[in-house]
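Both complexes shown next keep subunit A, but they swap its partner, so subunit B is in the first and subunit C is in the second.
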Partner chain A sequence: MPPNDPVFQLVGLTVRAGDKVLLQDVSCDIQQGRMLCVIGESGAGKSTLLKAVQGVMPATCRRLVFTPSGTDITGAVPTHSGLPQTRWVMQDPLAALNPQLTLGTSIQESLYRQNLTVQERKSAVLAALEDVELGSEFYSRFPGQVSLGQAQRACLARALIARPKLIFFDEPLSALDALVQKKIARQMEVLRRKTQTAYLVVTHDLGFAEAYADKVLVLRMGQVEAYQPCDEFFATPASPYAENLIEAARSLGTLSHANEAA
Partner chain B sequence: MSEVLLQKSAKLPGSPLSRFKRRTGLVLAVLALGLCIGLWLTPYQPAQANFLNRLAPPEPAHWFGTDHLGRDIGTRLLYGSFWSLGLALVVSLAGLIAGTLVGLLAARSGPFPDALLMRVTDSFFAFPELIAAVAFAGLFGPSTVNLVIALSLVSWMKFARLARSLGLTIGERDFVIQARLNGLTGGLILWRHILPNVLPSLLVLWTSSWSRTILAVSGLSFLGFGVQPPAAEWGAMLLDGKPYMQTAPHIMIFPGLAVLVSVLAINLAGDRLRDLLTQTR
Partner chain C sequence: MKIEALSAEIGGQGILHDVSLEIAPKEWLAVVGGSGAGKSTLLRAVMGLTRPARPTSGHILFNGAQRAFASSAKTTLDGIAYVPQSPAHGFDPLRRLRWQWDQLARRKRAKHTSHQRDILSALGLPDPGGSYPHQWSRGMQQRLLLAMALMDAPKLLILDEPTSALDPLIASQVLQETRRIAAEHEIAVMMVTHDLALAARFAGRIAIMQRGQIVESGVSDILLSNPQHSYSRELVAHRCWDKAKPEISHAAE
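Let's look at the complex of A and B:
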C-alpha cells in the first residue's frame, strides 16, 4: 500500500442520543504510522468519537474505511464487535484492568482471537512487557500492586501485543502525574515509530499534540472546529475557537516556545 | 536481580479475593481441627444415656454437665455443631449459588428475562423466612430435609438482587468493554470478569446469611419443626432443657451460648472480611 493512502478513513460520523446530537458530521483520516490528535473541552464529544467508532455507542456514518481489515461501512456502525485489528487504550488504567486478574492474563486476552499455544501466548506477553519497559515480574502482579503509570504501560502492552494497525487512545496520560506522562508519551512515540502503528489520540493536552501529532482535529460541541496538519494548526489555526485554545495553552505555559513568534 | 524481584513480588499480598479465600480457609481449618480433636478426646456418644447420672452440673467427668437423660452435653454440643452450623451452611450455600445464578442471568440476558426473574424474586420475598418454614413443616411434616428445603427456598433472593445490581454495574466497566472488543464470548466474560468481581460482596452477604440461618435452624428446632430428637441440634437441646430450666439451667445455658458465640463469630468474621475487601484501594 502506498504510504500516503490513509489506513483509516471516516466520513460524516454522526452520533445521536435521543434528540441530542453528540457528534455531527465528523470526518478524518489517518495514514499508516501517523498520529491524529483529537482535541476539545470536556463534553465536546472526543470520547464519544472513540466509542462510536468501536461500536460501543450506536452511530451512523457516510463511510468508514479501515483498509487493514478490509472494513468498509456505510450507514450504521456495527455495535458490540469493535474494529478488527484495532485496539483501545483507555483513560483510567485501573478501570481498564480487571482487579482480580494478573496483568499477564489481562494482556493475553488481547490475543484471544488468535490461535496460539499457552507457551506462545506467555512469551508474547513477556515480549510486550519488555517493549513497554516492564520486567517479567509484572506478569503475575495484580493491578492493585502496581503504580498507575505501570498499569497504563500494561494497557499499552495489551494494545501493542496484537500488532494492531491502529490504536485508539482515550486521554491516555490524564490520569498520570507529569513525570510519568512524559515518560509514557515518549514510549508511545518510540513504539509508534518502531511498529508503524497509526494512533488516534484523544487528549486535551495541546503540548502533547504539538510535540507528537501529525494532524489535529478540534471538536467543539459535537462539531468539527478545525482539522489541519499539526504545524499549520499551531501557526495559523482555522477558527477563532482554535486560536483561543492555543492562546490559553500558551498562557499556561504548556506549549513549547518554538511557535510563540508565529 | 530478577530473582530478588520475584521473591519480593511473592511477598506482596494477593488480590482481594485470594486474600479472602486464604483467611477464610485458615479459620475454617482451625475450627474443623478443633472439632475433630474434641470428637476424638470425648469418651461419650451423643445419644449415650446414663440415667444414674442425669441432670448433673458441670464436673470433671462431664465438663458441661449432663441432660435429663444423662447424656454428656459437651459431646452433644460438638456433634450438634454438624447439625446447627452444617445445615445452616448447606442452606446458605444453596441460597448463594441459586441467587447468584438467577441474579447474573437477569443482569446479562436482556430486559425481558431480567424483568421476569426479578418479579419472581420479589414474589419470593413476600414469604417471611420462619413462617414459610413452619408452613412447609405443617404441609409435609416436620423433618430435617423439609427444614432445609423450606429455608433454602426463601434464602436466595437477597443474593439474586445483589448479584443482579453488581452484575449490571460491573458489566459496564472498562475492562469488560475491553474483553468484549477482544472477542471474548459472553460466558467467558461472565466467568472471568464479572463473577470474580461480584463474588467478594456476595461472600460478605453470605456470612450474614449463614449466621441468620443458624438462628433460623435452631429456632425452628426449638419450636419442634426442624431437626427431630434424639439428634443433638442446639435448638433441640434447648427444647430438651426447657422443663428443667429452674433446677438444671446448664442444660439450656451451654447450647444457648454455642448459638450465641457461633452467630457472633460468623458476623464478626463477615465484618472483618468486608473491611479487608474495601481497604484494597
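Let's look at the complex of A and C:
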C-alpha cells in the first residue's frame, strides 16, 4: 500500500436523530501514520462523528473506505462490529478501565484474539507498558491505585498493543492537568511515529492541534467549518468561525505564538 | 488579603503545609499546580468550608478582619465572591434562575436593582426571568455565575479552574470580561488553574503549588523567565505545546 493513500476515507457522512441533523455531509481522510484533529465546541458533533464511524450510532455515508481490512462501504455505516483494526482511547481513563482488573489484565484483553501463550501475552504487555513509560510494577496494579495520567497511559498501551491501523481518541487529555497532558501528548507522538498508526483525535485544545496534527477538521453545529492542513489552518483559516476560535485560543495563551509574544 | 501558615488535613493526612499567601487590592494572582496539589483545598479554606479537608492551623486576614482557619465558628468573610469550576456546581437545577438570583441578592443585601441590571448587561446577559439553568448554554450559565459573584461589588473574586468546563471561545470571552470588570471595580482576583500558560496570560503574580506547599511565587514575567524551583522549571518548560513537530518518516516520501 503506498503510504500516501489514505488509510481511512470518509465521504459524505450524515447522522440524523429523528428530524434533527447531527452531522451533515462530513468528509475527511487520514493517511497512514498521520494525525487528524477534530475540533469544535460542545455539541458540535465531534463525539457523534466518532460514534458514527465506529458503528455505535446509525449513520449514512456516501462512501467509507478503511484500507487495512478492505472495508469499502456505501450507504449505511455498519453497526455492531464497527471497524476492525481500530481502537479507542476515551476521555476518562478511569471510566474506560475495569476497576476490578489489574492494568496488566486489561491490556491483555486486547490480545485475546491472537493465539498467544500466557507467557507471550505477558511479555507483550510488559513491552507495551514500557512503551508508555510505565514500569513493570504497574502490571499488577488496579486502576484505583494509579494516577489519572498513569491510567491514561495504560489505555494508550492497551490501544497500541493490538497493532491497530487507526486509533480514535476522544478528548484524550482533557481530564489531565497541563503538565501531564504535555508528557502524554509527546508519548502519543513518539509511538505514532514508531508504529505508523493513524490517529483521529477529537479535542478542543487548539494548542495540541497546532503542535501535532497534520490536518484539522473544525465542526460547528454538525457542519464542517474548515478542513485544512494544520499549517494552512493556523495561517489562513477557512472560515470566520475558525478564525475566532484561533483568536480565542491565542488570547488564552494556549497557542505557542501567544506565548512568544507574552 | 493575607493567609498565614495554613495547614489542613483529611483524616490525619496532611493536604496543606504552612501555606502563606498575600493578595494586594486590585491584584490578579494565579495559583498554579497539578492535580492533588491542594489548590481546591486552599480555596475551600479561604471560603470557610472545612470539609472534606479540615484546617488545623493558620489564620486569614481580610479587609481588616481576622479569622483563624481552625476555628469552628462558621463565619464567612464579607467581600469574597466565588465562581465554581463548572456551572453545574453553581446552580440548583430545579429552581428558576430569577429565584436563585433574588435569593442571593437578599442574602447579600445587594442594593439597587439598577446596579444588578447593569452587571447583567455588561456581561451581555438577558434578565434570567423564569428560565431554568438547563435552558441556558454553559457559557451563559458561567457568565451568570460571574454576574452573581459580582453582584455586591466584592473585594476579592475567586475563580476555580475558570476554563476547564468551557470551550476556548467562551472561556476567552468570560475571562476577558472578568478582567475588564475587575479592573473597573477594583476587584482583586485569585484564580486557581493547572495551566501555567493561561495564568501567565491573565495574572500579574503566580504562586506555584506542589504537594500542599507553595514552592515558588513571584511576578509572572520574572517567574516565567527565571524559575527557581525544579517543579516550576518543569512547568515553565512544558507550558506550551511542543512546537517542534518531529519528522515523520515515510518511506516513499
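What we mean here is this: the second predicted complex is superposed on the first by the 257 of 262 C-alpha atoms of A that agree within 3 Å, B and C clash if a C-alpha of one lies under 4 Å from a C-alpha of the other, contacts with A are read in each partner's own complex, and residues count from 1 in each chain.
Going forward, a residue touches a chain if its C-beta (ideal position, glycine included) is under 8 Å from a C-beta of that chain, and two chains touch if they have at least 3 such contacts.
These numbers were taken from a predicted model, which means no experiment stands behind them.
When the two complexes are overlaid on their common chain A, residue A:112 makes contact with subunit B while staying clear of subunit C.
Of the two partner chains placed by the overlay, only subunit C lies in contact with A:148; subunit B stays clear of it. Looking at the shared chain after the overlay, A:97 reaches subunit B, while subunit C stays out of its contact range.
Once chain A of one complex is fitted onto chain A of the other, the partner contacts of A:16 are absent, as it touches neither subunit B nor subunit C. By the touch criterion stated above, A:163 is placed in contact with neither subunit B nor subunit C.
Looking at the superposed arrangement, the partner reaching more residues of subunit A, out of subunit B and subunit C, is C.
Of the two partner chains, subunit C is the only one that A:210 touches; subunit B does not reach it. In the superposition on chain A, contact of A:122 is made with neither subunit B nor subunit C. Of the two partner chains placed by superposition, A:63 touches none, neither subunit B nor subunit C.
Touching of subunit A by both subunit B and subunit C, each in its own complex, is seen for no residue at all.
Interface residues of subunit B facing subunit A in the complex, by the touch rule stated above, are 2, 5-6, 8-9, 12-17, 173-175, 177-184, 192-193, 196-197, 280-281. Residues of subunit C touching subunit A in their complex: 33-36, 138, 163-164, 167-173, 175-176, 194-198, 200-201, 234-235, 238-243, 245-246, 248-253. Residue ranges of subunit A in contact with subunit C, taken from their complex: 2-4, 32-34, 41-42, 147-148, 174, 176-180, 182-183, 185-186, 189-190, 192-193, 204-208, 210-212, 244-245, 247-249, 251-256, 258-259, 262.
Subunit A meets subunit B in the complex at residues 54, 56, 80-82, 87-88, 90, 92, 94-101, 106, 109-110, 112-113, 135-137, 140-142, 144-145, 158.
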